[in-house]
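Okay, so chain A shows up in both of these, paired with chain B first and chain C after.
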Partner chain A sequence: MQAENAAAASTSTSDNDWVKLISKDGYTFLIRRKVAMNSGTLKNMVSVESNFAEAATNTCTIDDRGIIVEKLCEYLSYKNLYKDSPPKEIPDFLERLQPEIALDLLMAADYYEA
Partner chain B sequence: MQSERPTGRIPTLVQLCQRVASNHVDSIYTVSGMRYDLVEPILENCSAETLLRLEHTSPDIEPETGELWKGLCLRTSMRAAQKSDTYQGPEPESWRDQYFALQEMEAQRFEELKSRLRTIRREADDRKKETQIKLTDRLPPAKRGRPWGAAYQPKTLLQRTRSEAVRMQQGIYGTPMIPMKAKSSRAAPSVPMVKRPMGSSSSAIQSTPSGSSAPPSRRTGSRVTVTTVAVRHTPASGSPPAMRDTTLPSTPASAFEMRCSPPSMSPPAACHSPLPRSVIAKTTPAKKDPTASIFMPKHRASSQLPSSRNATRT
Partner chain C sequence: MSRRANNVRGPTSALTDFLRESGITPTTIARRTRTRNQAENPDQPEAGPSTAGQDQDQPANGNREERGAAENGDDYDSDNLDEPEEEETPAPKKRKLSKAAEAKLKAKEKAKAKKKTKKRGDDDDDDYEDSDDDPYNALSKMWKGDLPKPPIGSFEKCAKCKTQFTVTKYTLAANPPPGWLCHPCAKSGGSDPFKKPAAPRKRKAPTDKRVVVYFEEKKFPSLVSLCIDLLGNYIDDVEALGDIGNLNLDEIAKTISKSRRITAQNAPLFYDVENTRLTLYDVTNLEAPALCALANLNPNMTHLRLDFCGRIDNEVLRHWKTALPNLKRLELLGPFLVRAPVWQEFFRAHPSLEGFLITQSPRFDLECMRALVSSCKNLKELRLSEIGLMDDELLDLLKPLAGTLTSLEISRPGSAARPDPLSEEALIDLIAAVGGSLTHLNLSHNGDITDQFLFKGLKPHTRKLTSLKLAGTPELTNAGVAEFFNTWVATAQTAGKTPNPPLEVLDMDRDHQLGADALFALLEHSGPALKHLRINQWTAASQESLQTIAARAPNLQTLDVGFCREVDDWVIKSLLESCQSLKEVKVWGCQRLTVDCPRKRDVNIIGVEAGQLVS
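Let's look at the complex of A and B:
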């Protein structure tokens, strides 16, 4: 049974497992667990083995503005998508960063180890 | 479960953000509240003015900016870089102050160079202006056309021919030599023998036969004496010119001897020429006689030729 549970848990992490991120100004973002794993901090927060409350509900509250969280999720998806492809095919993410949010995003990125 | 992140393939979000911020560092108002190690790469690329400004708005980074100022000093001033290589003592307390001191020195040197350049330029300009064409209302100082006070007398024909002959002999470039046509005989008024002590040449007319085969011997030291010749009015009349290097056929040698006075011979010897001259006149073959024009003046202006061509010697 435990093996089944473990198996069920492992299959559920593959594609259908979603993590909810809530920004401090009330925006909610849903990202796949796989994507969230690209962030070291998030990974720890929603990891099944951890004791954090977030792990049970798969929900994280992020102490940042919605724009920041959105950009963060965007980056995590980008990274997840291209992390295994050869360098020539990776598009540039720099252009998608607006200078106005650069500093805040920098702080968030550092915190979430993105 | 998580696959290994390939190292260095995708830049981290931290790095990307730092790069964007560096590109727009002038728009950053403050960096206070941020960890210094995050901000440092951004500040490394900014100018001195920006760094100063950010220090004012973000006082918490001030203690950490020493290295940044040092970098600025070394970058902007070559001399400081050289000095620091050999500098053994303790580092300056405040690199920031050092930087601004260096800036002052650089500014001073720059000013010096500028002023020096300005003076050099001005001098060059002045020199140039002197040689330029200037517009003016005044007349330039009149040249002395003639020495003032010298009495003007028209040069007589004699004087003119004399000076001409001298010029020709000396080979003065541009002495006008008009090849004379073989006009019929024309006797010039008798020209007395003139011997002027002028170096190696005696004043004389050097006759230029028109179209003759002989080039005028301008450069030879031949002494040609002026003699009056009674030349018959025939194309064939006349004797060959009195030139030593002239090649004229069928002329009695005696005539030559008389006419072509050897250099050492004195002009008065030519006075005896009248006698052989008539002989010469008769023995000349019928050919276009260059001597027909022996006394034709070079210049029309000097010509006293009457309208008729039958001028003969009196």
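Let's look at the complex of A and C:
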């Protein structure tokens, strides 16, 4: 909530403010804007040029279960952290994926262009 | 010194060459001398060549012992070796030699570079080893005539015709030596004076070829690709993948196809013994064995669609012949490897086939068509799109399908070499035969179609047609199409037949002569029934006629009015207001639309160029 207030307080958006993702079963995730920008769809949703409600409130509702959204956030953070690293230093993300959610995650990843 | 180490040699006498071929070189002799330590060896004077070239085995500066020995030996002096070269430069020989040497030099430098990566700084050793494994392989000059070639530009008498000629660098030696040939004699003798000496560099090539360097650009892995990798890893353990039932497998197939990642490994995800329908959208990476496995794992399949199936070959189709006994509908995009006899076998094995839809085959021919029509009596759906061997005769064979055939597509026939192979008369004949039962007809991109086809083909013979596609038939005229739609119903009624129902799907893309009259007439004929309409490039359609679309066709779902110049914000506004089920409007090239082009929830308006400039 703190972060949300902070975001609301500063009308100018910076890379370091927070974006809230809400899963369809009610879980809430806060990620940095620069992390969210690694998903093409989220980037469009929260970009300041658009008139979407998501951009105005910095809140996106994601039509997936919490466990999927969590993994999506995890991947976005991972990508944000390592996208400029040389290939040898990038740890394997595959081992952090559970096969149980592979199919759901695949669909979510496709939709959110992650 | 480095030049010497690189094995560049000057000319040598025949005797030296002969001795060298027998393995006798100054170095070996020097070594022998040193080891034996016998000064009275009688062979030594002869072994030292008078015009001794820089020897290939001449050790580099590192090998001081041998050098010392060479200096001690009074018979040859390595410092003098270069001098004779300048005196008696026989041009052709020099060229050959230097070429051979060059090739060797390159090969050697490569070898050296390789070695240097392994052990650096050990140059002395390298040079010594290199000179050892570099056997002399140029032709012996002993057999080439002893006289050096006269200098270029000098006069010489031809050995054959005795005329005087100027020596050039292309001058050849007479075949039974001695002497030189003038240009005409050299040519008449069968040898080409301009022929370049065969490059002796092939020797190293094979080893070089085997070293294939692959460059793989490492991209940051997307979550989609990671998930697909994971699916591949767990494909044998379906339980681990959780409950697939509630997921839409078709959506997953689309997602994986999007990145062209359906492989033999993860394809079994979509397979099931009870499966009757299967659609895969990009099977580029499924090779022949995987495509056979597809049939084995879905033995009850009735409906199969594979896009980008270029790997389907004769073997696969022969396998499917027996492995998919229940197949009723087969849709393939790009089965260009399958040959005509195999298609025929396949049709004979599947008499119950009801739908056969292929796009892109340069091999599907008359005999295939004959086999299809004679074997599959119940054929309802036929698509032969982009078939290279299409012609009028092939159309004739379709006539027996009258009565059963409901959907027919013969689009983009022919190839670049023979465009538009189908004549309008043949198409009219075909429709006269099979038109009565057709509900769907697609004859797009048949350049021969004119208004005649509408009047003689469609108007009198179709009874049930609801979907008509005649895109890319630029000969159709505005007045002709208008007349056709205006009189379609009336003509049937006066003839006492049931008129054709209104169309639900109409595609007359890129028929650029069409305009307002045609649009008014078609809306009058089938307006309320229309669901999908494409009038792309009807550039002359007036704004008034475009406004009428909204009024007359309230049930439209998709509309393509690209490059209809008169479309403006008002046309879009009325469409959005009156067509409640509208999903998609394409407006590429409609430049009168502004940024304020109206929008509506759930309606995609694609291609507003003004909007793009702003955002």
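What we mean here is this: the second predicted complex is superposed on the first by the 98 of 114 C-alpha atoms of A that agree within 3 Å, B and C clash if a C-alpha of one lies under 4 Å from a C-alpha of the other, contacts with A are read in each partner's own complex, and residues count from 1 in each chain.
In this text, a residue touches a chain if its C-beta (ideal position, glycine included) is under 8 Å from a C-beta of that chain, and two chains touch if they have at least 3 such contacts.
Quick caveat: nothing in here was measured; it's all calculated off a predicted structure.
Trainee: Using the overlay on chain A, decide if chain B and chain C clash or can fit next to each other.
Mentor: Aligned through their shared chain, the two binders clash on chain A.
Trainee: Contacts for A:D110 in the overlay, against chain B (first) and chain C (second): which applies, first, second, both or neither?
Mentor: Both partners, chain B and chain C.
Trainee: Would you sort A:M37 into first (chain B), second (chain C), both or neither based on which partner it touches?
Mentor: Once the two structures are laid over each other on A, A:M37 reaches chain B alone.
Trainee: Tell me which partner A:P87 touches in the superposition: chain B (first), chain C (second), both or neither.
Mentor: both
Trainee: Now that the structures are stacked on chain A, which of 259-267, 349-357, 439-447 or 547-555 shows chain C clashing with chain B?
Mentor: Between chain C and chain B, the clashing stretch is 259-267.
Trainee: If you lay the two complexes on top of each other, which residues of chain A touch chain B in one and chain C in the other?
Mentor: 72, 75, 79, 82-83, 87, 90, 93-94, 97, 99, 102-103, 105-107, 109-110, 114
Trainee: Please name which positions on chain B make contact with chain A in the complex.
Mentor: So the residues of chain B in touch with chain A come to 1-3, 5-6, 9-14, 16-21, 23-24, 27-28, 31, 34-35, 38.
Trainee: Hey, which residues of chain C end up touching chain A in the complex?
Mentor: Spelled out, the residues of chain C in touch with chain A are 218, 220-224, 226-231, 233-234, 237, 240-242, 244, 247, 251-252, 255-256, 258, 615.
Trainee: Under the touch definition given earlier, write down the residues of chain A that touch chain B in their complex.
Mentor: Residues 10, 13, 37-38, 43, 72, 75, 78-79, 82-84, 87, 90, 93-94, 97, 99, 102-103, 105-107, 109-110, 114.
Trainee: Which positions of chain A touch chain C when the two form their complex?
Mentor: 49, 72, 75, 79, 82-83, 87, 90, 93-94, 97, 99-107, 109-110, 114
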